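In the part that follows, the structures are each spelled out as structure tokens.
The following pair of complexes shares a single chain, subunit A, combined with subunit B in the former and subunit C in the latter.
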Partner chain A sequence: MNEALINTLNSLVSNATPLVIAAIGETITERAGVINLSLNGSILLAAMVGFAAALATDTLLLGLGAAVIVGAVIATIIAFSTIQLRRDQVAVGFVLTLLAAKLADFLGQPLNSASGPSFSKQPIPLLADIPILGHIFFEHNILVYFSFVLVIGCWFWLFRTRPGLAHRAIGERPEAAYARGTSVNRMRYVYTAVGGGLVGLAGASYSLSIKIGWPSIISYNGDGWIALAIVIFAGWHPFRVLLGAYMLSALRAAASDIQKSSLNIPAELLNTGLPWILLIVTLILVNTGQIDRLLIALPARMRGRFQALLKSDAPAALGERFEAS
Partner chain B sequence: MNHTPRSLGLRLVFLVLPLLVALFVSAVILLLLNQEPGEVLRQAWRGAFGNERRIASVLNYWIPLSFAAMGLVITFRAGLWNIGIEGQMIMGAVFATYIPLYVPLPPILTISLSLVLAATGGAIWAVLVGVLRNRFGVHEIFGGVALNAIAAGISLYLVRGPWALVGNNNQTPVFPRETWLPTISDRFGVSQLMLILLVIAVLSIIFLMGRSRWGLQLKATGRNRQSALLLGVSVRSVSLSAFILCGALAGIGGAHRVLHTYHYLLPNVAGGIGFLGLLVVMLSGFHAAIVPLVAYFMAALSAGSTRFQTLLRLDPSLIDVLQGILVLTYVLFSGIQDRFFPRIREGNEEMKKEITTNE
Partner chain C sequence: MQIEIRHIHKRFGSIQANDDISIVFPAGRIVGILGENGAGKSTLMKILSGFQTPDEGEIWIDGQAENYRGPQAAIALGIGMLQQDPLDVPAMTVMDNFTYGAPGAFWLGHSHLREQIQSTSAKIGFDLSPDQMVNQLSIAQRQQLEIVRLLALGVRTLILDEPTTGISSDQKEQLFHTLMELAREEGMTILLVSHKLEDVITLCDEVIVLRAGKLVGQREMPTTKSELVHLMFGQQLTEERRNERDIAQSNIVLQLDDFTVETQRLSVEPITLSLHEGEVVGLAGLDGSGQQPFMRACTGLMKGAGGRLRLDGEDMLGRGYGEFRRAGVAFGAAGRLEEGLIAGLTLIEHVALSQASDHWMGVLDWQKAGAEMQTRISRYDIRGAGEDMIEALSGGNQQRLLISLLPEQPRLLVIEQPTRGLDVDSVRAIWGQLLARSEQGAAILFSSSDLDELVTYSDRILVFFEGRTHLIEDPSQTTVSDLGHAIGGAFDSVQGEHVRA
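Right after this comes the complex of A and B.
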């Protein structure tokens, strides 16, 4: 493998990290039956606050902590207003995504283009020495490693532990979960806040690792929506979240390559339009079952496995209110 | 449901109370920022009704905002989240730009054709969202967000590429003077044509929603798709027609931005007015008749933001924040109100918001 390609793959992994973290956060929330639609704004505000806190205290960890709190607070507002006040999740989420973005603009002004601390690469000993893969996956900063752990941990939690089973039940059949002694609404608060905290962390991983500072993240504005779509594409499954985020990151890299090779495709259209067109196409494929048709082309033995991998069912009680009666 | 008739006064109180609470919260925030809320309100009032020039600048913001918001009333009532409204405005502006720039026609033809084109452009962009939803099961929020980004890409490409002004890659050339929308007077630079169109739009939407069979089907669809379907409503065509109407209105709003406000096309031509429209409709409790008033209030804040800056050293982006907080407080407080006085709301079918509650 040539070095340039390996380097590209390396930066692809690191650029996809915020998307992975945010989409896993949203997966945790939606698995519990709550939709947090505020991702785009939450990420922006958390990115700004995280950078500001890290700058003021000169401590990266405090920056991360502040960002996590921002994300968790916004998510808790959504949980409160939908569980306690019976407001529509979409309405509250949408207002919050606008409001958080505007707040970030307003409060972030003093920061304009200040330089500050950022995470540096820390290759993992031994693992980084593996040929090719070592360089692609294990020469990053700790946020990237955290995203690996997060994906595996989230999968293990959801599908291999007892509380994880209850977690999924809250989103699938809250009545049944309630009957088995889970306090549905309390756990929805918890998972919404945890998911929101991760969304906040994703914000900080933009401003403290990928595009350091504020408001440089603006070029990634829209990623919150992309993360929400990745969750759907992924069928609420952590491994496919990772896959979706990496694919999107790869497409972005490809788009900027095409642009450089001057294939006469307008850069504006390519940069702003392409990820979204692909996103829509993917959602169409997932939603209309076209993927099943594509699978027929595969040999029969592999088909079943791919089908299981590509199956995409939303948690049955997603977005529905639960009231113990 | 047992309908308990309540006095009109009580209904009004419950309609207005969340608004007052929202205003109160905004005032507290201003106080925290060392601002005199009364002074801000007085300046906003002066800005909104002070003199001809100021009223005109508010109206020029209000007109596209109201077009968008009135369109959104339709989609909201059909139970649809038309977040793609911003892109629909952009496409309206893009479509309205072509004739003034490239086709020399008599002014009357230019203006009327441009408006028709703008409505078409907005409608096409909205139909895409509708088709993605109806045929392909892509939720209108994702369709909308994606099409917003693509519309922004298209306008950016046109402004930088084929339609660029030589030596400036942020706008097209200025339209010829005679294609500008005529205004009431030089001092009062408001387009009477647009005002008339808007009044017609507002009245027909209020009529359509309240008195027509289509409006009934629309509301039935919004309240409960399944039972509307069982009642024989063609849910798909109703929601598609809602998208078309909303897109067309948004397109005309977008046309106002290029044919009157700027007289050229620029990348961020809609300027968040579409999103603000969503907030306006939520703050109006989804009532068509209240929308123009709330829109005027929001327009006065937005159009006055530069004045606030010079007079009160209030940051313009604070206005955006306040608008968001206003709507959030409104939504939350109306929730608290429902929680503690459920029967009062229940007795009032019209006020029961099918969208803000999760049926």
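Right after this comes the complex of A and C.
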């Protein structure tokens, strides 16, 4: 296999990692019935704080920890204002995303383009020696490995454990969860905070791994919204989240390749325009059921599988408040 | 187990939902809980099953005072409730629903639970397959799942809230058979909350009647229907029948020829039907048998798939709701708060909205709307004030408002489930209004899951089963139980003809 291609795939995996972590975080939150719309701002603020903390202490783990706390705190504000204060989740999330982004801008000024610590690659012994795949998946830093574990762990949690069953139920039908003895609102706090913490971690993985420093991550501004779209595209399923993030990352890599070639296509269109247009088209196809019409073109045998793969039903109680009578 | 409740009080705002109620429910008995809407029966059952806590009073279980909070705690004491809309998670499998709430280890996938579903359901004659998704099940199957689940959790007292709404008569028979066995052989206490007197009379050993939050009567069965009605309402209801009229002579309002409707799930077989002025045709069938798309196609809300649809002779197939409305078609949706009325608006705003086209350049005349509201409140006996938010009204009053908003003299009135969930008083008021319109020449098409209502008010009944239809020409010759069988697909059991000759 072409070495350049393998290298591209390697960087594709590492570039997709923050999207994977953020989208899994949001999946965890939304599976519990809460929408955290603050992703984009949370990521920026967490990236800034994470980098600043790592720089100040010269300890990467403290940087990560600070970023996780930022994300979790913002998410907890959302949980508090929607559960306790009964505000609208969308409105609160939207305001917070703007606020966090501005705050990152303002508070991050002293950091301007300072150089600081970053995660270095640590190939996994043995696994990295596997031909082709080893280089693509196992020559990365620890954040990338964490994203693998996260996706698999999230899947196991949701679909193979008892608390995961309750987790899904509070997003699907909180009344039924309550009737079975689950403290719906308490668990919503927990999952919102955990999901928010992961969003914070995603922020730090931009500023400590992908584009080191602040405000260089600004070129990835918008990824929070993309992560939200990936969750929908993925039908709230961890493995499809991974797939969605990698597809998007591939699209970006392809765009930058095309741009380097002599084709006369404006860079802006490819870099920012194309992913969004494709996202919108996919979301429309998946969420309006139009996909079923397109699938008719396929042989009947394959149709069912594709339908199952593309099925995208939101948690039924997503965004709904729950109060025990 | 024996449950005794002593001096239970529960108040919601200004409403005393339960007022000093004391009853003993002995083991092994099936007790019916009767009462008008808002009589307090649901509140009492929710208190027993832990969904609500009483303001005052005690619950004694097998001679011991118990103080519990939450449904899970009630289940642990042996009291479980099957809600009218079963409290399951539709997007999960039967197995997941069964597992969730049952004690067990961290990891899922224990085969003993799978066996437990099968053995418990086999024991009481249910058939549940663990891997089916709950959203693919019928209401009856979802009830079975909940019952099996509660039994497996060791429940000794089972409370059922309106369990026969939305299930076929065969399914009802099976359910009642199971409940009797559970009471007779297992010594379980069964509490049945119901509007339907027939159900209570068929099943129960004993009936308690609530009115306005108070316990007003307790009777050993058998007793007569009129006695129960008397207890529920404090007055005797007369069985009403419609005046004989000669409809065949009047003009045809709606003419359908080989009219078909298709949805993604179902196609309704061609229907040929003439609906005359003043005629009332009831549509019977289980949910999802085709009556709903059929009604919507008759109002232009959905497009008919084929055949002809003529309103007063004019071809209307393929036209939109707006044109149907101008042609005199009015539609009342089953989802009162979802489609018919607008939550968050007051009564006056609803009236103003219904007359929006009269306003000069869209400016609302609030005085006129207010005056109009007052006349409607008194004419339709709506209990509420013009400034009240719509969701503050009871179901019966919402429905009265909905009817009052329909045009006074429609040509064709299409109305889904006009009296679903309402008490007998409201039902009579609603039908009074509907029949007044029909006497002025409106043709009425209504759907209902109440067989008595269909037989009482329809001139003809169109029965739907899985998209097939069957027309009963003379409902007065049809018994409620025959109609019940027809709804379950046994068209041969009733006289009449297939609409498609």
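Keep this in mind: the second predicted complex is superposed on the first by the 316 of 325 C-alpha atoms of A that agree within 3 Å, B and C clash if a C-alpha of one lies under 4 Å from a C-alpha of the other, contacts with A are read in each partner's own complex, and residues count from 1 in each chain.
Here is the rule we use: contacts are C-beta pairs under 8 Å (C-beta built on N, C-alpha and C of every residue); 3 or more make two chains touch, one makes a residue touch a chain.
Owing to the predicted nature of the structure, the values given are computational and were not obtained by experimental measurement.
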Partner chain(s) touched by A:Gln109 [first = subunit B, second = subunit C, both, neither]: first
First (subunit B), second (subunit C), both or neither touched by A:Leu37: first
First (subunit B), second (subunit C), both or neither touched by A:Ile6: neither
Residue contacts on subunit A - larger count, subunit B or subunit C: B
Partner chain in contact with A:Arg160 - subunit B first, subunit C second, else both or neither: second
First, second, both or neither for A:Thr82, with subunit B first and subunit C second: first
Partner chain in contact with A:Gly181 - subunit B first, subunit C second, else both or neither: second
Partner chain in contact with A:Leu243 - subunit B first, subunit C second, else both or neither: neither
Interfacial residue positions of subunit C with respect to subunit A in the complex: 46, 51-52, 70-73, 87-92, 96, 99-101, 104-109
Partner subunit B, residues of subunit A touching it in the complex: 37, 81-82, 84-92, 94-96, 98-99, 102-103, 105-106, 109, 222, 225, 228-229, 232, 266, 268-269, 271-273, 276-277, 279-280, 283-284, 287-288, 319-321
Of subunit A, residues touching subunit C in the complex: 159-166, 168-169, 172-173, 175-181, 313, 315-316, 324-325
Complex contact set, residues of subunit B against subunit A: 81, 83, 132, 136-138, 141-143, 145-147, 149-150, 152-154, 156-157, 160-161, 275, 278-279, 282, 315, 317-318, 320-321, 323-325, 327-328, 331-332, 335-336, 338-339, 355-358
